[in-house]
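This report refers to the structure that appears directly beneath it.
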Amino acid sequence: MTTPKPKFAMYWAASCGGCEIAVLNTHEKILDVDANFDVVFWPVAMDAKYKDVEAMEDGSILLTLFNGGIRNDENEHIAKLLRRKSQIMVAFGSCACEGCIPGLANLSPVGDIVHTAFNTLTTDNPHEIYPRTSYDVPEGELHIPKLAKILRPLDDMVDVDYYMPGCPPESHQIAAVIDLVIKVVKGEAELPPKGSVIGVGDSTVCEECPRTRNVKTIKYFKRIQDVAPVDPDLCLLEQGIPCNGPATRSGCNARCPSAGAQCIGCYGPAEGVIDYGARLITAFASVIDAQEPEEIERILDGIPDPAGQMYRFNLAGSLLKANREAWKAK
Amino acid sequence: MNKYLFYPGCSMESSAKAYMESLNTILEPLELSFEEIEDWNCCGATEYLGINLIPAYSLIARNLALASNQMNPMNGTGATHTIVAPCSACYLNLAKADHYMQERPSLGAKVNQALEAGGLHYTPGTLDVRHLIDILVYDVGVEKIRSKVVHPLTGLHVAPYMGCMLPRPDYKHRWSDHEHPTELVDVLRALGADVIDYPLTTECCGGHMTQIGPETAFELIRRLVADADDRGADLMATVCPMCQMNIDAYQNEMNHFFGTDYHIPVLFFTQLMGLAFGREPEELGIGAELVSARNALAHIGVEVPVTQEPAGPRKKSEGLPMPRRLNKHEGKEVVK
Amino acid sequence: MTERVGVYVCHCGSNIAGTVDVVDVANWAEEKLAHLGVVVAREYKFMCSSLGQELIEKDIKELGLTRVVVAACSPHLHEKTFRTAAKNAGLNPYLVELASIREQVSWVHTDKAVATAKAKAVISGAVSRVIRNEALDELKVPINPNTMVVGGGIAGIQSALEIANAGFHVYLVEREPSIGGHMAQFDKTFPTLDCSACILTPRMVEAGTHPNITLLTWSEVVNVAGYVGNFHVTVKKKARFVNEELCTGCGICEEKCPKKVIDDVFEAGLGYRKAVYTPFAQAVPKFPVMDKENCTYFQKGTCKACEKFCPTGAIDFTQEDQLLHIDVGNIILATGYDLFDARQVSNYGYGRLPNVFTSIEFERLSNAAGPTNGTIVMRDGKSTPKSVGIIHCVGSRDKNFNNYCSVICCMQGLKFAHLVHERTGATVYNFYIDMRTAYKAYDEFYQRVLEEGTLFVRGKVAEVTDAARYSNEKGKLIIQVEDTLAGKQRRIPVDMVILSAGLQPRYDAKDVGKLFGISCSTDGWFTEKHPKLDPVATMTEGIYIAGCAQGPKDIPSSVAQGAAASARVLDKILQKEVALEPVRASIDKDSCSGCRICNGLCPFNAISFIEDDHVSDINPALCQGCGTCVAACPAGAISGTGFSDEQIMAQIDGLLMKNLEPEIA
Amino acid sequence: MTEQFEPTIIGFTCNWCSYRAADLAGTARMKYAPNVRLIRMMCSGRLDPTFVLRALSGGADGVMVTGCHPGECHYIEQNYKALRRFLLLQRVLVGMGIEPQRVKLVWASAAEGAKFAAETTAFVEEIRALGPLNWGKADDVPQTADDIQAAIEQGVDQKEAVS
């Protein structure tokens, strides 16, 4: 008789779903998951009810990959529920780790977000219909999840064992982590210390970037489409392109800079860094070749959206977390 | 063609007509194109700022506002943000208004409040306010001027007189020096003139003191004329209508006052440029000056035609006589 | 491990206790900061007294304290005191933190409740910080006993002689062909009127012949690498085209050279020299240099008169610039000053009016070895002035030029007044703003000049002109001045005007500062480590400054500074090794991505990029501990001892009293 | 009498100029507002933007960064680097809805005790005028479904008012 397979869960909170695709992109490795785990809850892949999870014993799930941030009370409920039921809780993907693109909504108060979603030029909403958190229908009262004031990363809500950043995490890294967990289950390997960031490199993107780097001094920042031609072999930042590589965790094999695009920072901060944006501010400011305030300001004008540039993936996980207007919203 | 917005100022149409006429002759050879500010008004001259600040600045800033509207595009021929004034007082007033509106935002706001009544607005710093000679030296260049000379002024001893308002205060660090600027010297040398060392080049011509305290003005004019004469100048060259008028129109009275007999003609530097560029004296307004330059120019073979004698004493006005003015001391109105 | 922290609150008599409730603060710290490890908090009248220090030492030993916070005065005053006390008790000195509650609290606030609350916050910050302090050890570096002195003026000569006489080797580098500096150009020195050359030349000769001094004239430092104790200096020895081994200094080459040039340097443009020349008769070394730009052979290809007549065959047209690599332990910069260019004050007419002279021109004019053999004449070379105006503060104390006082100009003006009076009998006017005659025997000299009949007009001269207004002014220079004592405008016609021009930093002082890794003040003078207590040291260990390079000063002060800098160097040499503050940055190579953001940030060149490993590295001996790279590293790979992120972040939380809140699970 | 708002401000000083300026203000017994609590670093170049963010998110109402005058840095030119960082940080803070005046960069030499005192007092008044920052504090208020609904509707109202 075989011992029962350990239980596996995966959940999709406030995120785009790309992380789920990335898991599937591990190709035949996905079969290993099935072979070694009993998948008990994975809404995107199989039918399951919340009440089934609620019925499970606490700690009965070995591994939960939780992707997405916490933006509404449903996200919050499931995060807390899965935490209770799981032995290992992994914040999977940038949204769960640090908010990611959905976290950028923290730059706006919640009312504005809803308004933007339901009443802009691209939304055909002639009757000005807006969602209501509860609605009476003949069958009774319906509820939709209640939006929170700001989006929070998973560890703002529950204790997280491991972090696996990336938008999405690179499939080869996912595969490696799956291998590791299977080995651990088989008693062939040990888990890394709790709180570790897994499936990443030791340093930042520059380490893996094939471009040539020199001592950097720049006189302007320009969007990549405004730089013509882009030198294919030279560090993008040295060409005045705001590349987030220097401050972004390695592990992706410098995918974007290798392909000719600047790093936008989806792997989040390096080990031990408290605030990703602060590191990027200081990196960009350090390479500016000017001493007079007026000239520095002129150069900085080349970064039209500083908050968005510094915190594209990290806003919800930063020290400030959100725009003041978002905090002030009632 | 280098294009500029042009603020002529009142005197260019009256007392300094010769300046305007001669200026017009040098634009083409130097490839300059001036577009006059439409509907410009008086700059307030030297007095108004001393009387009432806000209206005076508003008066000046109206010109700047009009000019900034005209800035871009210029009749479809390209943009400029430089406004040129040939008169030193106009130049200084325009520059001053631009400077202080920026330095004192509260002043700027008040002035703009006034301009709003006429639907105008001026953002200080929008325009570059420059004097004609600044453009000639630093944009056109002395070499280009030299290259257009067909009749060098060799042998003509010229005292270069810049006047006091041009190099000071120098808000934008435009001038070579504030006491002994070289711009005018460089232009005159390029024309081939023998420029004398003239230490009083930035001393005061008397300004409006000719109107309110002539004795003071006479002494100032005497110093300028006497030093030029001592140093063997045939004539003085100036860049400012007021300087020209004071030294020219009051030289005779000054001589009378001190019992001296100086005869130093004062011409606009553009008139000398015109001569050097081969224009005829009549085209340049030469002959209209009160202290005649005919003898001085004869040194270099320029013949100035005899112009009409100045008009005789003003005729008595025709029609009915005016009532006598009220004399307060008499305590009662006296009707003639 | 939980740290055991002791907090010591000083009364400083009533200096602190008068405004801060020290007992309340101590009790509060013991109670509210206990969870951070505070095991004892005491207040005491004078913590810095020996009894106060003993109190701390006793607690360290008996209570097993692992961290100490002293809430007292500024760390700039007593950090060293308490660190030493901790060291005596066996605790690493860097585990002691000072909380400044005197300069930052009790002395600047009045409300006792507010001051007490702020003192608590400051202590809270210090406690949070100190528990994250690390034990640090000073870095020890051996000292190369050789020294380089840059600049061969009187300050540099003095420095070199002091060190050489103490038995250590000195390289004295001078840009000009001879040492001597500005002092060699002067005629007399105030206030004693000693002949400048008479007192200077013996020193020059001593420096030139000293076995411990290597003289490198016609040479410039082009590169400095290394750090205190171990500098590697590259000196460019410019080609003299004269073989120093063969030359006897006989002067025949100079005599035979057909090319005469205006001497803008030594003769200040008033005299001539040849294309091959020694700047002045007493030059040290005696070897001439050849001025390539003016040499007929170099320019036209023929001449070689000097070569033909040289009895020892020392002329060598093929000589080239040489780069010398010299290792030294300490460097003294005595690079001097430039004279203010009086042409900038166009209203004084220098450069336009022939009979307006600068102070250095007048020095040459009055110098018996100068172009007129000491006869004071006007620009025509023959007429003696009957009246002379001396204008003070030319280019100094003037917002348009230099705001500072050039120190020497008043005394210099008085000296000129005396010389003119003595040699020509002319009427002399001094135009001054304030008469500054501080220092020994200076004011007595002023009194003497007053008694000699020199006239003094207090007022800033508006203009010197040749535009005569009245007949008595014809052919004269007219000095227009507001006589502020008489309260009226005056026009004083004179024959000659002397501008007592100010001193200003060398035109290349900023570049030189950068080369040696030291900074300049806004005015451009080299910045000393402390304006009062450390005037010859700089922020860069092992680099000292002396003489006018540090700021305008007279000869006695320059000599004193030269000697002082040498004393500091000798102190270093005799210690054989130097301890460096262990506040340093270092790079974790595993975390470094090799992005090279930090590479351009270090002005001390401590950061280098290791191509092979694709990582950057910091040389701890070069690092001065500013922390700029620590703050800049985008990967968080650079950490700084003494001021780590953890320490500062904890201090922020402590100051905001965030450390008092219960930990959030 | 209403109680006036007493801001809490964190000040960063460099060891060589501005901290000594603060010392000098103390030695000269100059009185200034007690709201600023200082942190000594070796150089303004040590200022990591994280410190400012930490202070603002941790309850400070303003942050004052001080250093040597440009050109007078004891580390030659590191205060220029602080200046560049500061200007970029300020832009990011504006993007986060924080008034740029809440962070201030002041150059003060070791001799400028009076300037240090005056700038400190002036900054405290500026922050007092801006009011408390209270970063993230409103978040502690529990939310109800009604709050969110109200916010949505309020958002709609605002947009309509604009358009």
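Chains here go by letter, A, B, C and D, matching the order in which they are written, and residues are numbered from 1 within each.
Everything below uses one rule, namely that a residue touches a chain if its C-beta (ideal position, glycine included) is under 8 Å from a C-beta of that chain, and two chains touch if they have at least 3 such contacts.
Keep in mind that this is a model prediction, so the values were computed, not measured.
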item	value
Target subunit D, source subunit A, minimum contact steps	1
Of B-C and A-C, whichever chain pair has more C-beta contact pairs	A-C
From subunit C, the most remote chain by mean C-alpha position	A
Separation of mean Cα positions, subunit D and subunit B [Å, integer]	53
Rounded Å distance between subunit A and subunit C, as computed from the means of their C-alpha atoms	54
For subunit A paired with subunit B, centre-to-centre distance based on mean C-alpha positions, whole Å	70
Residues of subunit A engaged with two or more neighbouring chains	274, 279, 282, 285-286
Junction residues of subunit C - those touching two or more other chains	601, 631-632, 645, 649
Contacts with 2+ other chains: residues of subunit D	48-50, 54, 77, 81, 85
Chains that touch, pairwise	A-C, A-D, B-C, C-D
In the complex, subunit C residues that touch subunit B	346-347, 349, 352, 463, 465-469
Subunit D partner contacts - residues on subunit C that touch it in the complex	74-76, 100, 102-105, 107-111, 114-115, 118, 121-122, 125, 513-514, 517-522, 527, 531, 539, 583, 601, 603-604, 624-628, 630-632, 640, 642-643, 645, 648-649, 651-653, 655-656, 658
For the subunit A and subunit D complex, residues of the former touching the latter	107, 109-115, 119, 128, 130-134, 146-150, 274-275, 277-279, 281-282, 284-286, 288, 290-291, 293, 296-297, 300, 303, 305-308, 310-311, 318-330
Interface residues, subunit B side, partner subunit C - complex	177-180, 197, 199-200, 223, 227, 230
Residues on subunit D engaged by subunit A in the complex (per definition of touch)	48-50, 53-54, 56-57, 70, 77, 80-81, 83-85, 87-89, 91-92, 94-98, 135-139, 141, 143, 145, 147-156, 158-159
